[in-house]
Structures are given as C-alpha cells and as structure tokens.
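Both of the next two complexes hold subunit A, though its partner changes from subunit B to subunit C.
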Partner chain A sequence: MSEQQNQQQTATAEQPGYAFKIEGRPDYSFLTVTIPANETLKVEASAMATMDTHINMKTKMKGGLGRWVTGESLFINEFTAEGGPGEIGIAPGPPGDLSHVYLHNEVIFLQNSAYVASTLGVEIETKWQGLKKGFFSGENLFLIRCSGDGDLWFNTYGAIIEIEVNGDYVVDTGHIVAFTEGLDYEVTMLGGYKSLFFSGEGVVCRFNGKGKVWIQTRLVDAMVSWVYPFRRVQKKNTTTSS
Partner chain B sequence: MNIEIMHRPGNAAAKVTLEPSEQLTAEAGAMIAMSGDIGITTTTHKKESGGILKAVKRMLAGESMFLNHFNASSQRGEIWLATTLPGDMMEHTLDNETLIVQGGSYVASEPDIEIDLGWQGFKSVFSGESIFWVRLVGTGKIIINSFGAIYPIEVDGEYIVDTGHIVAFNDTLDFTITKAGSSWINSFLSGEGLVCKFQGRGTVWCQSHKSSSFGQTLTSTLKPRSA
Partner chain C sequence: MKTEIKGAPTFAYLEVELAPGERIIAESDAMSSMAADMEVTAKLNGGFFRGLLRKLLGGETLFINQFKNESDGNRKLTLVQPWPGDMRQIRLEGNSFYLQPGAFLACSEGVTLGLKWAGLVSFIAREGLFKLAVKGTGDVWYGGYGAILEREIDGEYIVDTSHLIAYEPSIQLKLQLAGGFFSSLFGGEGLVTRVVGKGKIMIQSRSIPGLTGWLNPKLWG
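Right, the complex of A and B next:
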C-alpha cells in the first residue's frame, strides 16, 4: 500500500544539527530530539510530552506581541540538557505530519500554527503579511519568520507535501504550511468571477520564483465545518432535541 | 495523465500529472495546489454536455453543484487533490463501463467520462444513507475517496454490505436493500438496520468507516447549537 510510511519511520539527521527521529508519519507524527550536553532547544509551549529528568525547562517570551495576535501561544519554552545529553519527546497538538529543515543562514516562513521546535541559532519572529495578503487570504495576518542557522521542525494537520517551485505555482491559501524566502507571492483569484464564487477554490496564493513550498493535505477548519451539523440543536423553551 | 496517491490511507492526497493540453475534471474545492500555468474553468456540468438539470441532480446527491475543469498549457503540469475528511483515495480506470459512486466520494475524472446520477439510487431512499449515487460512464481514469481506508470486495454470487460503507460498485451488480437479520425487529435492534445485498459478478469498494457514525459519536461531546 505505501512504502512511504515505512521509509519515514525513523529519519535520523545527516545534517549538522541535533540527532532526532520522527516516528508515526504521516498520521501521528512524534518527534524525539537528543539535546547535546548543556545545549538548549526551543519548543512550542505545551508540546513537550516526555523528557529526561536532567533537562531543565525555562519559559521565555519569544516572537513578541505578534504571537499573541496570531492566536498562537505566546510562549516558547527552552529546554536545556544540564550536564549531559538528554532526550526530549515532542508531540504537536493536531494529529498529522512533521517536517524538519536545517537552515544554513536562510529564511523560512511558517503559517502561524506550524512552529514546533528549533535550536538557538534560529531566530523566530512574527511578521505582518500586509493587509491585502493577510486579509484576503482568509487565513492569518501574520506569518512566523524563521531565520539563521540551525534545526527547525514544523507540523501540520494532515500530511505534508514538499513542492519544489520553479516558476509559477498555485496553492489554496489554507493549505500553505511553509515556504522559503526566495519566493514571491500574491493572493489572487483563480479563473473568472464564476470560479471565485463557485469553484470552491476562491482565492489562492500564487507563488513565483525558485524555492520550496510545504503544503498540508487536510484543514482543521474544514473538519470543524463538517462536524457542525452533528451538534445537537437547542430549541427555545425545550431543553434539547436532536 | 499520471495519478499518484500519497499518504494513504489516513491523509491521502492525489498528485495528477497532466501532459501538455490534457484535461481533468474535479469536484469543486478538491484542488489544493497546482502548477501556475494550468487553466481553470468552472461549470455546472461536464464540458459541452448536460446542463443545469444535471447540476441540480448532482447537488441533490450531496455533491457540489459545480465542477472545475483544469487544462494543462503547452507544458506538463501537476495538480494536487485532497478531501475534507480523514481518509483514503483510489485511482481506478474505466474501460467503456459504468461505475456507481456514492454521493460525496467522487473526486475527479478524465474528460471523456460522463458524470451523471443513476436512478438505481432511488431504491436506496429507504436505506437512511445517501439518497443518490453518482454514475460515471465511459473510458478513462477516475479518482474516488472514502472516509477511513478503502478496500475492494470481489462479488461472485451474493454479498451483503452496510449501506453506509459502500463507496462504489460496478453496475454489473444488481442490488436490493434488505434487512440485516432474520426478522425486522432483530435487524432494528442490532444497530445494523438496513443493508445492501449485491447480486451478480463485479467489485464493490467499501470504506472502513462510516462518516455518519463518527459524527454521531461526536454529538454528545459538542456544544448544542441554537435552532
């Protein structure tokens, strides 16, 4: 059925960064990172699932006020392996996929809920997308900008697909997880006005240039809308009825 | 046209590679990403056929009323398709035959395939599940999706499938809606209710889970909405 799941079982880093493995891809991805002695890993608040006892946690405000506005938790926790290497297990909130990139003095933009963990060499900041790009995309006004040198992990709801863009590529706005800095993007309509209203695609993000885009196969919002009819209907005067 | 389905069965997505000037018809909303030079037109029917009546029928089937037609330019292009719910996808090739697909499971098809509603579905009004079926006729590749994993069952003789678990079946099969147990009371109490009894020779594709059952599991944990 799928050789992907098997080969993805344990991916060990060949990059200069920390040793890690990602298990359970793509449905229930779980990240285990080995933090070298006296080094520090930044992890999204509440994502830590397991860790060695000599790992010390500190809560830091990272990303500034922007992260508040983005709806993302304001806090990133720092985990330091005191005295010797330590292992930490990280489980992101939604069931889905995890990806790793090693940044060599590069910049990657993440959709605001995608951040999972990074090493200290990676600078995390929120970036205003501008009204047109943010507002019309119906998604978020902010992106997370990750720059510098080091490991970066991010997650999604649904599986991640990595696309090499060379030229022009269209992605449904909600499905964007991350993209590299070299890409120019604009939020546009697809097709004519008829397509805008009836295609079910509406506005899309059109990337241009050379770089990489990561997309997710599922959307939390779509799942939530699907669940809606299954809510009980509360009638006035009577208690509940289905 | 080349179709590759990835991340099966939980988070399936289909990558469709179109050769220059090839076309693909897909359910509205199924496209998640594509090459920038692919053209898109939205219609209420298969290109150059049918009309508004067919669109209304499709809407009644729980399918979106609109279909998107993707055209590759003079270069090769790719389109990624995915669905809303967690689940699987399947590629299938029709060779001048007819496949009946449960409303909602249709994702995409090659332009030579006629998309219509079969009136076989009329009988299933009594099944309590989806009322209509989408009927795909012709020759070419199709993509269908399911809630949960998808698995084929070769029928030769008779076979019983719960109506909510049917994804698609060959129209060489005849079917009747019947009770699961020996008596009506028995069937009702069993929670199986009505089932579909297939007769003949052909394939039935089933889904491992039933979206309506999953939804009902959630009901008690969800906040009520106002009427």
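Right, the complex of A and C next:
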C-alpha cells in the first residue's frame, strides 16, 4: 500500500490557527482544513475538492483588477462554516507539495500561482515587482503579498525546500515559491552574457539579508518546454468536420 | 494469485503472480509486461452490446483482456494505468461497488462488470450517463490521478465531481451548484456533487481540470 507521510495539526498555544491535515505528501498533497463555526476560509478559486454541506461558498473579487494582470485567476472563494465547524478539502492544480505558515504580524511574498488558502486575518494583495525584477525574473511582474495574522497555505510544483538565508543566497528565478519580508532581492545575471546564452542558467535571483526562502524542485516552464513539442495541434486551413 | 501494488503513490502499478490455471481480467491497455507463455484472450466486455454501451457511455473499453496462466509454474504480469497516481484494491464478498468512468483496472474471476444508469445528474456533471458497477466475489483493482483518499460519509458531503472515483452502493449522488448562482459561474467551482447516505467514498487528490487550469495558461501559442 502507499506510504504517505501525513501532517496533522491541531491548534495549540504555540501554534494558533485552524486544525488541518495534509495527506498524499509530497507528490499529490491534499489539504483538509477544519473551519471553526461561523468562521471563514479564503481559498484559491476552483481548488475546493470536498466540503461539508453546511459550508457556504461566496466568490469575492479580492484584489480587484490587479488579479487580471497577475495571471492568478481572478477570484478567491470564501468558505464559511455556517452554524458549526466544517471540513473542507482543497486540491491544488499542479502535482507537488503544500506548505503551511502561521503569520504573526509578518509578511510573506508568494510567487503568483502559489497561493492556496488563508484565514481572514491574512490580507492578500498583489504587488508590483518593478520592471527589472519582474521582467527579468521570467516569471511575473507581480507577487502576492500576504500580511497580517493567521494561517497561510501555499503549494509548489515538485517538492518543497525551506531555506534559512543569512547573507547572500542565489535561487534560479523560476524556483522561487515564497520568501519572507526583510529579504532584499535583486535579479542578476550569472556570469555575464556568455553564460546567459550558453550555460542555460542565465538569470537568477540574489537574496540578501536574513529570512526564509521556499523553493520548488521543478519548474513549470521547463515542464512546458519539455512537453510542448509533443502537444497535439490542430492544423490550420483544415475544416473541422463533426 | 498473489498481487501487490507497487510504485505507489505516484506511479503505482499492479504486480500479479498467477499460479497454474489462474486468470485475471484487466482493462485492455493495462498490461505493461508479462511472462511470454501467458495466454491472452481479448474478450468483449460482457457481450457485444453491453460492451459497446460500456465503451460509449461508461468510459471503459469495448474489449477487456483475460490473462491465463496455462503453464505449470507461477507466472507474473504487471498492469498499469494511464495517469500518474495511486491504486487501490477492494475485496467483494457478493456485494457491489461503483467506479467512475476510467477508474477500473483489473478484477479476478468471479467479479462481473456491469453498467448502471447513473442518472442525468452524472451526465450533466460530465461523468457520463452510466457508472461501472463491479459485483460478485473476488478482488477489484482501480486507480486514480494523484493520491487516493478515503472518506467515510454519514449524512451528506460535497465532492467536486472531478475528484470522485469510487463509492459504495449505499451512497447516492445529487448535483448542485457550488455556491450561489454568481459564485458558481465565476468562482471556478461550478457544479459539485452532493453525496448522500452512509458509506465510503474514494476521492483522488488531483483532477484533470486542476491540471489543465495550471498548465494551459503556460502553453503559449
């Protein structure tokens, strides 16, 4: 039978927040959160897989138009457990792992597709990275800024590695999932133009300061360019008959 | 017959060892390797018309393969499913079990595959008009995309249709909107299934809509 390393957590004094468990780790992690009575959990649109019948779903246009630009789907759904505690199961889209942090008036930046769920005390907003950082990072011009007090769950494509940074640390841009505020970062080239074109490494993100970085062990873009040549395409100039 | 699910949970496969004279029935494209002297017979999936129905409406194939060990020693074969993910075994003792289209992998002798009218609800949810009912006495193997999780239902529970893979006959499915009209339309959840009754359901931790929703925006062009 399958061996699964499951993470189960209940609220304690040191670890406030909602009780949750993560099953199917690390390849196909699935998050189950128990929402206390009449409280609300924010979940990435279309990630809900199961829930109790007394949980009510509402679609909010959080972040407004900014979310169009970030490439994140426009909506975050709010799930409220009406009248009693309720359980919700959440399945991220990509194969990979899930991570949980509890924010104590802290700020974490997420790569734009990493957001999974958060409690109401966590404010979610999109933040412009600046043209150079955003553009050259090859990812997106925006990051998701999560601040405040509460639970936050995010997902990765592939396995997740948590790295304590003290000083300088270099991460390939596509591998960044999240990082704490207080880390300064800049997008630099690894060893000049020659290596940009020939080494396959090119642009990296150089973090500086003290904090934490979460990285994922696979790249979406690498996956895409790996499968892309094999994609079935409909030939142009042919009439579809059906 | 000795069987073991290996490679789980990401790339599960079923290893089968047949004693002389034993046989196993498997989905038509499931065999990935086997002993050379294994006898393979393609069989219509329960008669031509019923097989055809199953293919057209149940999401299964028209033919299924029977592997029989005609030699005098133990022989092995391995069976796989098309997608990455886990597999499960269920033992039937005269009872039945429902599988969503595509989930079936293999069964031992004594198990019959039947189509059951799943209702309009299932059709609207794009899960097909029919569901596969396995019944009899023996073992059934089935699989899903991602990890497979078991949920014990007593009362009512909501499951996204793309995550449900199997359930006990004591469970009924009802379709409903995930939220209000606006939320269901724009919230990306759309229609969900309300499972009602007392029994077990099996869900997969990933879904095709989840995968395509993640990957499609990256496939430029």
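Keep in mind that, in the parts below, the second predicted complex is superposed on the first by the 216 of 242 C-alpha atoms of A that agree within 3 Å, B and C clash if a C-alpha of one lies under 4 Å from a C-alpha of the other, contacts with A are read in each partner's own complex, and residues count from 1 in each chain.
In this section, a residue touches a chain if its C-beta (ideal position, glycine included) is under 8 Å from a C-beta of that chain, and two chains touch if they have at least 3 such contacts.
The shown structure was predicted, so the numbers you read here are calculated from the model rather than taken from an experiment.
*Asks:* Look at A:56 in the shared chain and tell me whether it touches subunit B only, subunit C only, both, or neither; answer first, second, both or neither.
*Replies:* second
*Asks:* Would you sort A:23 into first (subunit B), second (subunit C), both or neither based on which partner it touches?
*Replies:* It touches subunit C, and subunit B stays clear.
*Asks:* Give one of first, second, both or neither to describe whether A:93 is in contact with subunit B, with subunit C, with both, or with none.
*Replies:* In the superposition, A:93 touches subunit C alone.
*Asks:* For A:220, decide between first (touching subunit B), second (touching subunit C), both and neither.
*Replies:* So A:220 only meets subunit C here.
*Asks:* Name the contact category of A:172: first (subunit B only), second (subunit C only), both, or neither.
*Replies:* In the superposed model, A:172 contacts subunit B only, not subunit C.
*Asks:* Just subunit B (first), just subunit C (second), both, or neither: which does A:228 touch?
*Replies:* Touch status of A:228: both partners.
*Asks:* In the superposed arrangement, which partner chain does A:159 touch: subunit B (first), subunit C (second), both, or neither?
*Replies:* first
*Asks:* Share the list of subunit A residues that count as touching for subunit B in one structure and for subunit C in the other.
*Replies:* The overlap between the subunit B and subunit C interfaces on subunit A comprises residues 1-2, 4, 27, 223, 228, 231.
*Asks:* Quick one: in the complex, what on subunit A touches subunit B?
*Replies:* My answer: residues 1-2, 4, 26-27, 96-97, 158-159, 161, 163, 167-172, 175, 190-192, 194-195, 198-201, 206-208, 213, 215, 217-219, 222-223, 225-236, 240, 242.
*Asks:* Would you mind writing out the residues of subunit B in touch with subunit A in their complex?
*Replies:* 6-13, 15, 27-42, 64-66, 68, 80, 82, 84-86, 215-216, 218-219, 222-227
*Asks:* What does subunit A use to touch subunit C in their complex?
*Replies:* 1-4, 23-24, 27-30, 45-53, 55-59, 71, 73-75, 77, 89, 91-95, 113, 220-221, 223-224, 228, 231
*Asks:* Using the touch definition up top, name the residues of subunit C that touch subunit A in the complex.
*Replies:* 5, 8-10, 12, 84-86, 146-149, 151, 155-160, 163, 178-180, 182-183, 186-189, 192, 194, 203, 205-207, 209-211, 213-215, 217-219
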